[in-house]
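Take this structure, written in structure tokens, and hold onto it; I'll ask about it next.
In order of appearance the chains are A, B, C and D, and numbering begins at 1 in each one.
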């Protein structure tokens, strides 16, 4: 059992356990916190895979942004100690069957398939390379999606402000 | 760090599958809009794991998966922003965030 | 330009014309002018047709023009007519003409009414001149759809129900039909080569027997639903009872003929071996249809129901004769289509006119109308006599041709079916005379009827046109019979080999 | 000899019909009557001229059939073609004379009888239509043309019976007549179809040619124990039996008396009802050579009908009904004569039958017109309302008496000769039938004189206004027809109208004539004893024979049987179930399909719950299922 493996299993276990906790927890704030843990653990996973920038973004954007947003909205819409109602039996059954069947189906399929690891040389994942590619319009450039995303974000920003604003009338 | 020898790609993908379906289950069983949103976030993240893992294991000479994950995150942010705006609006309208009670559009 | 296109252009222009005029009078005027034009053009077309034949043009189809419409599926706009289509075109234009005058008094949304009516007629014209299965189907649908609006909006009684029933059953029929047509299409080139919808091309091809046997029932029943074949006829009584006058006229007079025409032109002509194999089933069904419709009519009290059941009987005779698959019987079938088209249109026109006066269609509530509205009553008697097959009127010619033709089969089954079908002439006499007796003759049952006015000029035009057509066919049947027979020899040859 | 003018005989009446029919409302009623009558007068002259020409030209001692012209009307197959044409042979020419004569008389008579009636023009239009159809029928060159005019005759009869269309009984009678004959025509039509299929021709000349295929090579096909030809001939006879009101298709004729009396005289006594006889006579070689069995059937049916009708006639009170039953009885005679006849030299019955048809037309028309004259004076149809009229209506009385004597078969009036020939023919062929016919002759004499004494003798009831003799337009036809009844017996019929066109050698048999005169006299005497003066003997006889009398009075309940069959069985047991079946089973099935669809859509609609989570669930389950199917079930 090597170090990376141990780390991976710890991270994986954290992700699975906390995600399950997050959806089954009946206290909504706790659920949000469990979600936070999941996201942080994922950042660790990214880090393991040598994507430091992505891990950082994950931490900042999800942990720092979205989860905070969620917590805010929780605070806005419910009492802090209110408990969620328990899920309905039929929903639980249907969801459970689907989830388990899906996991089983996917896992079996995945495990039957042999992936051939690449023998190519890895490119660097330092900020410079990322930055250059992000702003590039060449074959390996992502300027266009970047711009599109920025427009999308702007639109989302405007949209959410518009939706969330109090009606004048 | 060379992960390929240590952890096979399969592990990553199975992990992401589990997270995805747990997220899906969250969407299916919870009635609270916010928890459903959280489920969706879980699903998005599961997908992100896939992107990143495939990039890392199969195409280390490129960064497509990486950028896709970035874009997904950006979209997730936008989605969360709008979703929460909607949730707040719904809360104002119906004074609840339970999907069961929001059924004005039902036939 | 192909003269046949004018048949489509005139209705189109009329619709445009109606759309641009304002008040009711002008709407009527434009429709009347348009359909008179159509009628006149049909006569010109008949003249051109004979001219072509006289100059020695012996092609199966005259005035053929082909335009590729949708290359990928080889759908063409192919038009052309032979004697049978020519006869059907004449029928359609006469009935449409009479129908316009019969609906002179429509005041609720007249513009929309006349537009729908003319779309319907246009669809029928298109159907009869098409030689491409796909466009044929297209025009068929074009004729069926306006029906829903016409019955649903301008009908009477439980009109929504009837409109729904009629449209759904006809749509069900066209769904079957679509399956059949696609089946024919995909088997149209068994030896490889380009698949085609072209009717004349497919006729030259030998479709494999298995495919024929599979798709024949779809095609035949698909058209048979429209031809009111037992047991798919029940849209007819309800639909007709609720439909406004002109719609009943067009529908029973012309649209139901699409069924018979399609059964012959498409189902039997293109799938001849299957037609031979399966004929016995449909002969049984249609001979039931003939007698059943007639018996059904005896018990009815509503004039329109009586006529609808009588249509079931008469249209059953059409399909019955077609299935006999010889020249004489088939000629009779086409004659019967025309004759029944005119008769039943006349009936529905008269029923509409009588209903407009007495506000009831129940025969037991009326009586002695002959005294107060002699013109309409006399026309009604003539229509009735035509319907029960009086010599000198069209029904006799058609029925006799059918019976003589059907009797050419020597085996027991065909003979018995024929005798069953013949027996309908007595039953027909029973219900026709019953209606004439109770409705027109006898003492007047209601004193309000003494104030009724006889036919107005437009009603007279409508009625007299149809009576003249019926009488001309009845008195000089040979030209029409020869016109129809001319393309049949070759078609029957295909059928019997 | 050029007969092309005969086309006028057919054209004129139809033109008159169209003219009066379309213009009748616009002109004076009397004018349309005169127009119709004068038109018919021309036709009558043309017919006489034709007859004169025709019978004047023998070829080798015999008459040949002449097809004057043939117009193509409709082509069924290459050999089965309907022509409209004119065929002249002794039979049709004889009929031509009978029809035009009686029709002319009726036209003239109606000028007086129908005067002032509403629909006078319509009446004449219909009369012209009838004359046209009847002439077309007898002049037909082929069996299908005959069928065409056969139907037209039926319709004209329908229109004329229902002339008083505001009277429900008239409407019902018209309907009944039409439907019964229509039913018979069904057989006729099927018979034509069978016959034409095997002989491949409609043409009379080809059909009845002794050397033709139809006769020399009749089909050998057999159906249910009888040869197909016999079936065809019997079915054709069914058509004839319907029109000629043979038992059991006779029920329409008595009711048909609802029509105006001149119409009864024309259609239901003299012309249309003998169409059946004409039909059998027309196809006689076929009957005689290919299916003698059917001739036997015809003879027995004719004989039974004549007896049956004669018995009923003794009990009826409505004078027109008595005459109607007597018509039935007399047509029965004609049928018997045809049935017992042979062909050629043995064709006495054939000749006798047509001879009787000829004479019967005159005296029966005379009886009806006389009865009409009486009804016109008394305004009632019932003989109980009449009596002692001989002093008020001398002309009617004398002519009626002549007619009664004629029909009773008193020499030297025409009826004696024709009936005698029939009895001779029957005697030679079948003794039983002869005996029945002989008896019927007596009954005939009895009921005719019962009628006569009841009308003109007996006691005189109280009349509202004194009856008076009819106007000249009515009495002239009576006188003319009386003369015809007296003298038509002297026409050398056996020279003119025979089965093969050759003159027939006939002898006079006192052996047969004697007893027939005797029984006629007995009949008349019995009638005199019972009815010449008012007395109670008729009632006492009726009471002593109560059961039988009632049966006969109610026409042996045949009408009721029919009513039961048509109304109860067909209406209630076929039509009504069919209508029910259609509404509930067929339509119900269609509605069931519709309702099932609606039901399922309702069930599916519940899935559209608006709960998004279920939608997601359906979606993911669907995806998973698809994945599973694609990946693992291939």
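Throughout what follows, a residue touches a chain if its C-beta (ideal position, glycine included) is under 8 Å from a C-beta of that chain, and two chains touch if they have at least 3 such contacts.
Remember, it's a predicted structure, so these values are computed and weren't measured experimentally.
> Considering A-D alongside B-D, which chain pair is linked by more C-beta pairs in contact?
Between B-D and A-D, the larger count of C-beta pairs in contact belongs to B-D.
> At what distance in angstrom does the C-alpha mean of chain C lie from that of chain A?
68
> I'd like the Å distance between the centres of chain B and chain D, where a centre is the mean of that chain's Cα atoms.
96
> Centroid from C-alpha atoms only, then distance chain B to chain C, rounded to Å. What do you get?
One centre to the other, that is 63 Å.
> Just how far, in Å, is the C-alpha centre of chain D from the one of chain A?
Once rounded, the distance between the two centres reads 101 Å.
> Can you pull out the residues of chain B that are in contact with at least two other chains?
24, 28-29, 31
> Counting only residues that touch at least two other chains, what does the list for chain A look like?
91, 94-95, 98, 102
> What are the residue numbers in chain D that touch two or more other chains?
613, 617, 620
> Touching pairs of chains, which are they?
Going through each pair of chains, those in contact are A-B, A-D, B-D, C-D.
> Applying the document's contact rule, which stretches of chain A touch chain B when the two form their complex?
The touching residues are 2, 4-5, 8, 12, 15-16, 19-20, 22-23, 28, 31-32, 35, 38-39, 42, 45-46, 48-51, 54, 57-58, 61-62, 65-66, 69-70, 72-74, 76-78, 84-85, 87-88, 91-92, 94-96, 98-100, 102-103, 106-107, 110-111, 115-118, 120-123, 125, 129-130, 133-134, 140, 142, 145, 149, 152-153, 155-157, 159-161, 163-164, 166.
> Inside the complex, what are the residues of chain B that reach chain A?
1, 3-4, 6-15, 17-26, 28-32, 34-35, 37-39, 41-42, 45, 48-49, 52-53, 56-63, 66-67, 69-71, 73-82, 84-89, 91-92, 97-98
> What residues on chain D touch chain C, complex-wise?
Within the complex, chain D contacts chain C at residues 72-77, 80, 144, 147-149, 151-152, 155, 158, 162, 165-168, 171-172, 174-175, 178-179, 182-183, 185-186, 189-190, 193-194, 196-197, 570-571, 574-576, 578-579, 582, 586-587, 589-590, 594.
> If we count contacts the way the header does, which residues on chain D are in touch with chain A in the complex?
613, 617, 620-621, 624, 627-628, 631
> Using the touch definition from the top, list the residues of chain C that touch chain D in their complex.
So the residues of chain C in touch with chain D come to 165, 168-169, 230-231, 233-235, 237-238, 292, 295-296, 298-300, 309, 327-328, 368, 370-371, 385, 388-392, 396-397, 400-401, 403-405, 407-408, 410, 418-419, 422-423, 425-426, 429-430, 433-434, 437, 440-444, 476-478, 481-482, 485.
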